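Both complexes below contain chain A, partnered by chain B and then by chain C.
Moving on to the complex of A and B:
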């Protein structure tokens, strides 16, 4: 029964997204007119400044409320309503823009392009969640992020992702972050925003690719808790790092852990970590130390190897840039002329290029130089991320109690009420029923 | 255990919501696919009608039929958009109910966990870490493999390294469009590349092939071809191609004919010019949209229309570039012809009545359409065509408009000199011969100007002027020794080019709008009624011959390859011997 319902739900989501495609269709310009002059294309006016600051104010307030709900009230219900508000306001009302997920691109773009001044509101949206994470973990993910709220909302029957797979896939957001910052720094575009799977849902329009992408994430999100947040979100990667150093941490219970494992069962995001003994098997000690030494030695090799491999990717990566693509088409046309139709986009772009080939080629040369360096850095970054993760997986961590992984926990507060101690504290359960500590 | 009533109710709700979603989906899908058959881009019905319209552009019932069908498609499209929007919100609502009900039902059916204590946590964590490391290595390899495939699949024509880039960027010609050899003066003189010939003077270059038409024996029509669209532009000729433009408020076209046979080689509609409205809303019927004569440089042919559409086409009719320079504010309709020098295209875009803000002279690179320079002009709308001359050691562009004659340098458009000599609506174009620029202040004076001054030369550089029989439409023509003018009433007057004294005058008793031309010592005057009169271009009046053509003529004649090309209102003609067999093209 339930399976059939899920199937219907999935079908519904897919159909919804498929039908949204029709909104993209455009009608041809009139063949006849009655004197009406088509207005020239114009860029929509920017949102008024005071409204931008109002958005930032709402954002900061929501962030503060999230921290209060997590640490003071320990309220899952409060976080649920807050995330619904965020979904409505930052998602459907503000249509997913501005959002912290894409904001690092603005910062990097501003760093490498002096003509662009990063707006104060962008700085607020970018750094406020990180500062909050340095003190209180991923409060932004818990109740302010509309993307996270949407995924939380469709989660019907969470299935556990094997922890080893969770660890392996946790490096992907950093790779995506690296790619996004490279394309932002070179001025090519904001790929993190372009490939955000949920923004087209907020806007009820988008390309076929990205709508399918979003539908796939929603479909997966019915059975896998927050797949985008855990395995792709680049900003989540930044918050994960900041949370590792957070002053306060989310605790399942303020009291002693009974190690009943109920909290582990309650976490749909695989963030709960079980107790690990402090000591180690003396037989394995040597092998573990040796492995650690090898991995430490491997780290620079991975970085250098990645940088070398990345350096070969510059030309391919640069192809996504419109200026490089135009120079490519122009030079290709010199060797293998193609007759394009009158007024086709190809013919128009070639016309533009042939008007001033030196400018186009010089711009492409400059971009290719940038991309050569950026791709080298990107390759090194991938090597560093994998190397550090390998090291992290080779360092034994000891825990006496069940506790959320500082980086992986999105502070959703689901585990709070799963804990018998918490239930006793709240008066939901008589103290006599509380299991004894081990 | 029997399910609770709440669970059953939730399941039922979820089922109903799911069914509702499916129904909405089905409806939207049906609309979506049904709409595809009404796609106006692809509708065979509409395409067929449009094709028919191209053949019979003035077929009003057909236009009405297309309008009606177009309107129906648009209404259906708007209706479908509205349905889509409603459907999307309905789906969203249905999905909300479905997810809420299914989630709640799942929660009710959830079995409470009963986890057991782990005794081998240490061992498990070691195994987990090991497996995670291997899977991480797998992820790394997958990423590396993907990047490798991207790298191998990428092929680029751009240089692979900085040295190659430097070589490409430093090679000659990299700072400009691909080198193109401009046509030589001899090439231009052998053809008729613009209004009134290679220099706009209306004088065919000496040494041209003998005329196939002998005016002393009467004219025969070598061939005659129908002109599919109205227009007053004169023919331009290059390398066996004759080009004319034509069009209506809805459609602008360029036509190319074989100069030997008159067969139409191609016709090309100038459409979808970025920024240009599809229809000219304020076109004057008398002037039409295709009054400006085209220009050719041996590589491309250029056309401009009254609405401001400018296009460059290859000689095979394929497009090179287009620009929209409009809207052009001109009370009678824009009619200034294009000028070309080498591979530089010149556009005198005068407009406005009292407000002269939009008037300008534009120099374009022919190959790319790139603007080389642009100069604002302090004049209202005019209809005269500029000429390019070499005088005082400079290449000069001579322009006429009320009240200024202004000369600009060809290279950078800087003003050289100006003279306040003109009034009213300036239609006749200037000519340059024997070191003097001859120009008409319409209906008032014929003036000769020395083009070697600087600044305002109004009082210093007028060599002579006369007020006898001054035309208001047709431009003058000069062989350097004599200057000839023809008024609209057909009065031909010969002046001495050195002092402006009238030598003779003759009433040809016909209305004339076409500008006269000189070829091989003979002066050709084409009357509106189709009379082509050949006179001796000499100090004594002598009519050599007169032929009659069955058409109305407003455009000026073109001479190239030993042939005369005339554009009538309905047909394009090439003249031949009187006994030539008529080769009529459809």
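Moving on to the complex of A and C:
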């Protein structure tokens, strides 16, 4: 009891002192007589800037080597070692940040937030793989991406994903990309980074939820080739689009295809396409044209419908923004007060809001307006993605050879040595054993 | 690489579209990169806590992606009163003003107390032990000078693209700062 009184008395004296000295420090730093010198706080530096540029240099070099390995050397072994290096360097050494997968968010965040200038290294990480894909396909996915490398290494027994499921799931990356970009544009956060399943594994720490998510992807990756790359990775979606327009393409055979079908089973990622007759079937031409016309007419309807549905999502999407969430909690608190524990983040943030409610509410209102527009665009984007996917599915493809799909192929080079022509070229097999062309 | 077509082979419609798409995308990327480059920065950003906005909630200790948070307590010695009864060091009702464990606020005994001269004591932080829970910061700010405050230590911080603590910070105290000035320290002459 006495101690408590003493303590309260001490506090009282301190508060009194505080009042007296409120203009200055409450307890000024003493002048020491014994020559004691004030220490200063240490400030360990962040990663050196030149090291960050070195990272970008290593990145560009790895990208170049990947292109060379795919097109000149045609070497799966080389790509294996390159992706092992990338996994070690960009994954476990650099811990995954910053990586091209999240970088489009930085670009969009930079566009809409005047306070944030996009660092040059981020521009390099974001644009270099896309430029590479425009000429040489997904060389980044093949040899530079640590997330892709990790999934490649755990693949032990690839099972074929049914084509209908493959096509249905291939729109998911674009939806994820859209969501990531609207949350980056509104300044809420970087959801693509938040739900990256592998970066926590590189860091060897993270929340239970995200580690379980990563483990689930790795487990699935043992039987389904690169599940994240194919069905979720938003940057893979961008590269898929870019490689549809690529100048060169990955070819299974070094010269001519003998239609031996040996390469058919070699692709664990469902990217191999079989030859399709080039000629038109006059019986089906009319029906095909009609379907195409219907789908073309449907496209604007899908975009508009999506935008309409999206516009309803605005308020819900805004909930994820901490500033909007705080404003809502503050408003709710005015009508239905909830008692939060002392010093809890909730109570403290409410205290901050009550200090300047007008500012908090105005910021939230501005954010809600941004979200209304963003959600509308997001809905339209979803409609566009689905419409274009349907159109792409109904455009006739003509192929004379077995070849990988431009977009789906991650250029892993596994199919090369399945081709007897390649084996002859490499000298693994005498030319006499080569199957005769049909 | 496609085998070389004959010199005078006509360009197919698909090839034409593909070339067109490639040139358009390249132009678009060029324009975007050019526009961004005028607004971009050669330096990089790192995360830091603005001590003026920090509410000492304790999230820093638990929300960081690292098992032991990259946020630690930092002492602005020039602000410190070197108090004998340091409310950042002692629990609100200490049995006596000694370094006995039950008197200490710090759950890991990372805040060290050393005698300087009567009646002054120096308080230093053992960064190996500090978990960034802000209990001492709260005590120091409530009754003292606020010389103890939290900072992200850049030798530990992974500089995640999205800081997990920033996301849950009730004071919105986290912000990106240029890598050339990576700390927001408290100083005496404010």
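Everything below uses one rule, namely that the second predicted complex is superposed on the first by the 391 of 438 C-alpha atoms of A that agree within 3 Å, B and C clash if a C-alpha of one lies under 4 Å from a C-alpha of the other, contacts with A are read in each partner's own complex, and residues count from 1 in each chain.
One rule holds for everything that comes next: a contact is a pair of C-beta atoms (placed from the backbone, for glycine too) under 8 Å apart; a residue touches a chain by one contact, two chains touch by 3 or more.
Keep in mind that this is a model prediction, so the values were computed, not measured.
S.K.: For A:286 in the superposed arrangement: first (chain B), second (chain C), both or neither?
M.R.: Neither: A:286 stays clear of chain B and chain C.
S.K.: Quick check on the superposed pair: does A:394 touch chain B, chain C, both, or neither? Answer first, second, both or neither.
M.R.: First partner only.
S.K.: For A:260, using the defined touch cut-off, is the partner it touches chain B, chain C, both, or neither? Pick first, second, both or neither.
M.R.: First partner only.
S.K.: Tell me the contact category for A:175 with respect to chain B and chain C: first, second, both or neither.
M.R.: first
S.K.: So, does A:369 touch the first partner chain B, the second partner chain C, both, or neither?
M.R.: It touches chain B, and chain C stays clear.
S.K.: So in the superposed three-chain picture, is A:427 touching just chain B, just chain C, both, or none of them (first/second/both/neither)?
M.R.: Touch status of A:427: no partner.
S.K.: Please identify the positions on chain A that touch both chain B and chain C, taking each partner from its own complex.
M.R.: After superposing on chain A, chain A residues 11, 15, 18, 27-30, 32-33, 38, 40, 343, 348, 351 contact both chain B and chain C.
S.K.: Give the list of chain B residues in touch with chain A in this complex.
M.R.: Interface residues on chain B, with respect to chain A: 11, 14-15, 18-19, 21-22, 25, 28-29, 32, 35, 40-41, 50, 63, 66-67, 70, 74, 77, 80-81, 84-85, 87-88, 91-92, 94-95, 98-99, 101-103, 105-106, 109, 113, 115-118, 121-122, 125-126, 128-129, 131-140, 143-144, 147-148, 150-151, 153-154, 156-160, 162, 165, 168-169, 174-178, 250, 268, 271-275, 277-279, 281, 318-322, 365, 367-370.
S.K.: Which residues of chain A touch chain C once you look at their complex with the stated criterion?
M.R.: 3-4, 7, 10-11, 14-15, 18, 25-30, 32-34, 36, 38-41, 43-47, 49, 52, 71, 95, 97-98, 102, 105-107, 110-111, 116-121, 123, 127, 130-131, 134-135, 189-190, 193-194, 200, 203, 205-207, 242, 244-249, 251, 255, 322-323, 326, 343-346, 348-349, 351-352
S.K.: Which of the residues in chain A end up touching chain B in this complex?
M.R.: For chain A paired with chain B, touching residues are 1-2, 5-6, 8-9, 11-13, 15-16, 18-20, 22-23, 27-33, 35, 37-38, 40, 153-157, 163-165, 167-169, 171-172, 175, 204, 259-262, 264-265, 274-277, 280-281, 284, 309, 312-313, 315-316, 319, 324, 327-328, 331-332, 334-335, 339, 341-343, 347-348, 351, 354-358, 361-362, 364-365, 368-369, 382, 386, 389-390, 393-394, 396, 438.
S.K.: Which positions of chain C touch chain A when the two form their complex?
M.R.: Checking each residue of chain C against chain A gives 1-3, 18-19, 21-22, 25-26, 29, 32-33, 36-37, 39-46, 55-59, 65-67, 74-83, 85, 87, 92-95, 116-117, 120, 122, 124, 138, 143-145, 153-155, 157-162, 167-172, 176, 179-180, 182-183, 185, 188.
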